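Below, subunit A partners subunit B and then partners subunit C, in two separate complexes.
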Partner chain A sequence: MRPRATRPAAGARRGTLALALLAVGALPGVPTAAANVQRFPRPDFTSGYTPPTLTTPAPRAFGLEVLDVALLAAALVLAGHLALRRRSRKGLLALTVACLAYFGFVRQGCVCPIGSIQNVALAFGDAGFAVPLTVVAFFALPLLFALFHGRTFCAAVCPLGAIQEVVVWRPRKLPPWLNQTLGTIPWVYLGVALLFAATATDFLVCRWDPFVGFFRFGAPLPMALFGAGLLVLGLFVGRPYCRFLCPYGALLRVFSRLSRRHVTITPGSCIQCRLCENACPYDAIRKPADLAPPEPPARGARRLAILLAAAPLVALAAAGTGAAFGAGLSRANRDVALALELHGAEADNGAAPSLEREAFFTSGLPEGPLFDRARVVQRTFAAGGALLGGALGLMASAKLLGLSVWRSRTDYEPDRAHCVSCARCFSACPVKPEPKT
Partner chain B sequence: MSSGNSTGSPPGPLPRRAFLRLGLAGLAAAAVGGVAAAAARAGERRTHVWQLDPGKCVQCGRCETACVLTPSAVKAVHAYDLCGYCRLCGGYHHPQARSIDSAAENQLCPTGAIRRTFVEDPFFEYTIVEDRCIGCAVCVKGCAMFGNGSLFLQVRHDRCVNCNDCAIARVCPADAFRRVPVDAPYLLKGDAR
Partner chain C sequence: MSPPPKNPDPERILLGRRLMAVAAVFLLVVAGLMLWTRGLLRSTDPLHAPALQSLMAQLEREPGNETLRQQVRELDLLARRAFFIRRGQLETGGWLMLGGAVVFILGLHLSGSAPWRMPDLKACPGADDAWSAAARARRWIAGGGLALLAGSLAVAFWTARTARVPAPEADPEPAERPADATALAVTPAGWTDEARRNWPSFRGAGALGVATEAEPPLDWDGAEGRGVRWKTAVPLPGFSSPIVWDNRVYLTGADAERREVYAFDADSGELLWTADDAGVPDAPETPPRTTADTGLAAPSPATDGRRVVAIFGTGVVLGLDTDGRRLWARALPVPDNHYGHSSSLLLHDGLVFVQYDHFGGAELLALDAETGAIRWRRPREADISWASPILVETPERMTLVLNAAPVVAAYDARTGEPLWSREVMSGEIGVSPAYAAGRVFAANQYAQAVALDAATGETLWASTRLELPDAASPVATDEHLFLPTAYGILSGVDAATGAVAWEHEFDRGGYGSPILVGDRLYWVTSEGVTRIVRAGPEFELLGEPALGEPSMTTPAVVGRRLFIRGERRLFCIE
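Let's look at the complex of A and B:
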């Protein structure tokens, strides 16, 4: 039974009471979070009035979520078929537009495989958070398909890739050093995003998704400018987000390298006509390389030895840097930020209290558990930063080693890691498919 | 280099490179499967949606601005069974209202999203016109301060796109947002609770 106050006789008295409360409420320090005071009794209506009920519109049905997964799987199968079997650029482009329309504009870009990395990371970081199976499917399906078909997800299914795919206009070749250097950014981004997600600090990949604002017809101004800037850049440099930022693309690179089948530029055997050389807007065609290495073997061996010897040192230095960075990044966590502010507040630095601090005081919660949580997050960030730094250091060494080793190549072929199977190069090849035997 | 899986390769043991690739691919598939299975481990597998706890809400106004949607998917809702049906409503009337009526200058709501209708003397019903509500919580604050707290904010799930990571949850100073199971998607006040 709800507590009932004394019943006022008439509306006039009610008004006076409310005015008095207005005056009281105007005093500072009245808690507003505890808002369950039944100051005025529920009226006894005599006119037969029945109060309306609060409506509670249902969320999207679970069946529709499953449908999304089914559509994703169907699109991946179709993309593989169009790229590998039919070798149809037109078909892939049609699928691209369809997926841009559905996964982009209809589904408003959420949930996407790129962002799902973070849900999976959070499931490991927070025992109380269970990822919905549909999101797990979004995470795993494109990776598994990449093991069979290469990056066909990028080719035609990903809405972020699609919006860039359709704006490629006058693609320029980037110098290899720039291409390779920028290509390491996704790994850093992936590592930082995993760290932020696992500590429940932020879903950076979602927040910094440059194109989701277009899908939703609304974005904060900086993000809208970032997205528009990337699209303008995308006119001249193919798929800048996919190549130089996308953290899921970084994973797909590894999986695509191992893929069982992958698109080939030529349907038959390469005749070295060089016509495809400039067909790729994403710098993902490897040219044939001479059979003989361009330097004496002793020099190459010495360089390899130096790189191998330096690898642990580089990894250690990077780990140290990562740990220092991680500690700084932990301030982005809300618990850490609040704990630091409360800690600083004891010294009374005269700064105006933040809303967070006021809300914390209003809630009446003790400080101890908050400080404990913040300490755990800080430690996780430092350890994760060190791990990430070490891994990036090792990867940098591996990259240098890979660049340093001479491999001969006779044909023009797609770079499995960076080729997104867009099928542009197919039309450049004059070789007719070999008749099936 | 033509890889070993071209159609013309002679039958026989796999070339070393192809064997290595197959092994690594198997390893990668196992890794994805393992990560996916571990992530979807026992526990609540139901889909979750975002909701805000009106008991924690401090009416800071960030729901209006932080949502990825414009206007926000958070709206004021009314627990009628908590409402006092006051003639002078702390959620409806401006504190400096000159007269207790529905004139625009006396209203608190910046968009005029609350409809005030006469029920019987001396009671008035206050209804949220959801299409106009921007989720700024000005009325919620007024109602919490001077009234019964029958007006409160809720994520409306016919509008919410259920972002992976709710943009409002990230900036909510009171930590009032949390994921709730999809079959109980509202955190209500009053009898409906």
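Let's look at the complex of A and C:
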């Protein structure tokens, strides 16, 4: 029997929740210390024309950035409390809406832990880039909390998760094999995003953030359609971005597996009533499994041996491919693209010049340093591609090994890696919490 | 034990579904309207509305028309207002979408978000297909991984050649000079054989004034027609010199109304085509004032056999194909030049070099020969000048050398990187540099003559005791430098020391520059007489054939033919 969670007084519960929501809700009214910044000298008007006041906002004040971090931490604490101790779906839903409002619409989706991966990667790749401590905090806090509570960040704090959470309507169960296969995509996305960020090529995760356009009331049409498409899909397939794309979710899976505590379906002992079997819209409930594997042990052992032996070869092959692929991928870097265009232009002057090429020529800058930078980026891409390929090869092998190991299970349990602690399954469990002795 | 979860009652589900349906229709309508507004916003540019452009063009023609000015202001305000109203509509649409989405989500939750479903109790949970699902997932992941690997390899292979930034080219070994180098060994290196055989710019390849494979005649008489293959009237006047590629001779002419480029048949003298500078954006409505001895067509054109480029005193640069079709045109700032712009163009390796030193600023530009785009530009610490650049090959690179006051400066022709500069000039510089055997020569009246190391700019010698040129440019062999003056003195100077080898005073000088053909100098002086002189240590006059009309230009020489622009006509001497 599991020990029963302590239940604080109802008044205190409501008070905590109300205070948190009040704090979040009051934030839009906090005055910003935006100061106008004069970037270029104004022309000397002699006609008496009075130029309008500039409205370019200054960077967000440090105090407000710290407040954002504090709110993130508070939301994580509250989410953990609501999921693990209170087991309150309603509370989590309220927190979800509040975080969607603040981190989504008020903060317009930035800074967010998902994008902060790239800031951290760029800091590693470029010694001249100083990543702000508040961004580091945004990156680290959800991971740290996942070590204690599982993916409570996904449950109610992440605005991208929140916008998908509120549109889940008639979720369909996906075949387990499809879940497992699609679940590998975030790792590839994470690797490519890290490579792009570390080489200062692009912040892919932000550029392809499907929902930030909604938060900002403006997005390029393809991105708006992509985001809308994901939300429509999300009516029937729960949280498609979180499960099959989110690179930060890939990291959270690892941390959540190691979490000290995690939500449980039942507040007590599982009575195997099976009522929770269909309760998870994200296919994150693992059913009981027999003690003995459903195939002869020798066969399983042979498969494991083959997979183990093949793992280094797979990693090597993937590393080699990644190195070769890296050069092509590096075309996304603006220095490489410009250098290639200039080189191509030398070979064939018939090409229509791009704005970048025109601007470069107009600037009068010499080509030598540009080509030098481009070559460095290409070498980094080749090395990073090899590293990424090797890592993905090893991960693929690890995944195959994981799928080849039989794990017996006696109870219905949340899959710690994939469960987002949304608390939807709680109500399906007929077991009442045992009174604390 | 609690009872199993209950789903919402049917009435609530119905209400929720109706709310969802209404909200969905609302969202679709708003989304459609937003898309439509967005399309309108993209298709209309308030700053470039045709009506506004038309009015502004009219205003440029009638700058004093206050009514028109007011109309432009009102239309501009209307266009901008329309733009921002649409932007506002989009923002309002965003809020409406948010409101619709909230109602939709409310209906969604009323109708039972993720309702609880009874599990299939017939299936035994312990014997489900988890293991077969794992086996299937293994196959898919392995297959997907292999596909990713194969796809990546294919892309890598496909982009292997085109996606590599080229490694820096190793510096070529300095070419050793042949031991028996003589005056005839002076060649415009770095040029193709075709370019050397032709006459691609003012003073030939590299503007060095050297022809390597030509054998023009020593005698002719333009008035009688002796030795004249053809002579053709040039439609508009100009002081530009002819350039030649294969069977085409190109020339420019201009007056206050028109600026034109001409192509003549080198065999027959027939005018093949004329191209003008009409309709070049940002070109001045009225050409700048120039003096009569400069005009608007003083700079010579240039060609690489595929393209012909020309610049006029208005600052307009034209890029044409060899059939006279315009490839591009761009207007540089109108040169602020009290005589008129006269610096000629060079075209090499896809770049058009423009020495653009005027009161408005001094700079060296490289334009893309195919598109006219600026490939690089270098501001220069120089005064106004009228000289043309030369292009020489030093062991490391192709180097542009420019003469102006106060500096003679060298630039990497590929990148525009400044290489060296020497403050050795003063006054109004109209004389282009010369080059031979690693030495750059620069000279100008009221300044001095200098020899500089082409690689480092180091001064090898300097002299003020020479008869210094004022408009015509010198030409050099390995041993000698030849200095022409407008008042008729031609000097032979020891190239290594600056000592005078010989001086000869003709009746007349001119603005045309002498060219070196083999061991002969051909110098067309202002009355149209070509002074043919031995390019050696002693003065030797080889001929003085007359054109029959004055000339202020530099001849072009290809094969056995000499092309000379007279005051009104273009002559082909053979």
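Brief remarks follow.
Methods note: the second predicted complex is superposed on the first by the 377 of 437 C-alpha atoms of A that agree within 3 Å, B and C clash if a C-alpha of one lies under 4 Å from a C-alpha of the other, contacts with A are read in each partner's own complex, and residues count from 1 in each chain.
Following the convention adopted for this analysis, contacts are C-beta pairs under 8 Å (C-beta built on N, C-alpha and C of every residue); 3 or more make two chains touch, one makes a residue touch a chain.
On a predicted model such as this, the values are computed, not experimentally measured, just so you know.
In the superposed pair of complexes, A:Pro267 makes contact with neither subunit B nor subunit C.
Of the two partner chains, subunit C is the only one touched by A:Ser427; subunit B is not.
Once chain A of one complex is fitted onto chain A of the other, the partner contacts of A:Ala130 are limited to subunit B, with no touch recorded for subunit C.
In the superposed pair of complexes, A:Gly229 makes contact with neither subunit B nor subunit C. Judged by the touch definition given at the top, the superposed model places A:Val336 against subunit C, while subunit B stays out of reach.
Of the two partner chains placed by the overlay, subunit B and subunit C both lie in contact with A:Glu358. After overlaying the two complexes on the shared chain, residue contacts for A:Val188 are found with subunit C alone; subunit B is out of touch. In the superposed model, A:Gly218 makes contact with both subunit B and subunit C. Contact with subunit C, but none with subunit B, is seen for A:Pro293 once the two complexes are overlaid on the shared chain.
Note: residues 218, 358, 362 of subunit A belong to the subunit B contact set and to the subunit C contact set alike, using the contact criterion stated above.
Those residues of subunit A that touch subunit B in the shared complex are 10-12, 14-15, 18-19, 21-22, 25-26, 30, 32-33, 35-43, 45-47, 49, 51-54, 56-60, 62, 65, 108, 110-111, 115-116, 118-120, 123-124, 129-136, 139-140, 143-144, 147, 202-203, 206-207, 212, 216, 218-219, 254-255, 258-261, 269, 334, 354-356, 358-359, 362-363, 407-411, 413. Looking at the complex, you find that subunit B touches subunit A at residues 1-2, 5, 21-22, 24-25, 28-29, 32-33, 35-36, 38-41, 43-49, 54-60, 68-70, 77-90, 95, 100, 119-123, 125, 127, 140-141, 143-149, 152, 156-158, 160-165, 167, 170, 173-175, 179, 182, 185-186, 188-190, 192. Residue ranges of subunit A in contact with subunit C, taken from their complex: 166-171, 175-181, 184, 188, 217-218, 221, 228, 235, 238, 272, 274-275, 277-279, 281, 287-290, 293-295, 314, 317-318, 321-322, 324-325, 327-328, 330-331, 336, 339-340, 343-346, 349-350, 352-353, 357-358, 361-362, 364-368, 371-372, 374-375, 378, 389, 392-393, 396, 399-400, 403-404, 406, 424, 427-432. Within the complex formed with subunit A, the residues of subunit C that make contact are 1-5, 31, 35, 38, 90-91, 94-95, 105, 108-109, 111, 113-119, 121, 125-131, 133-142, 144-145, 148-149, 152-153, 155-160, 162-168, 350, 366, 368-371, 373-379, 412, 414-417.
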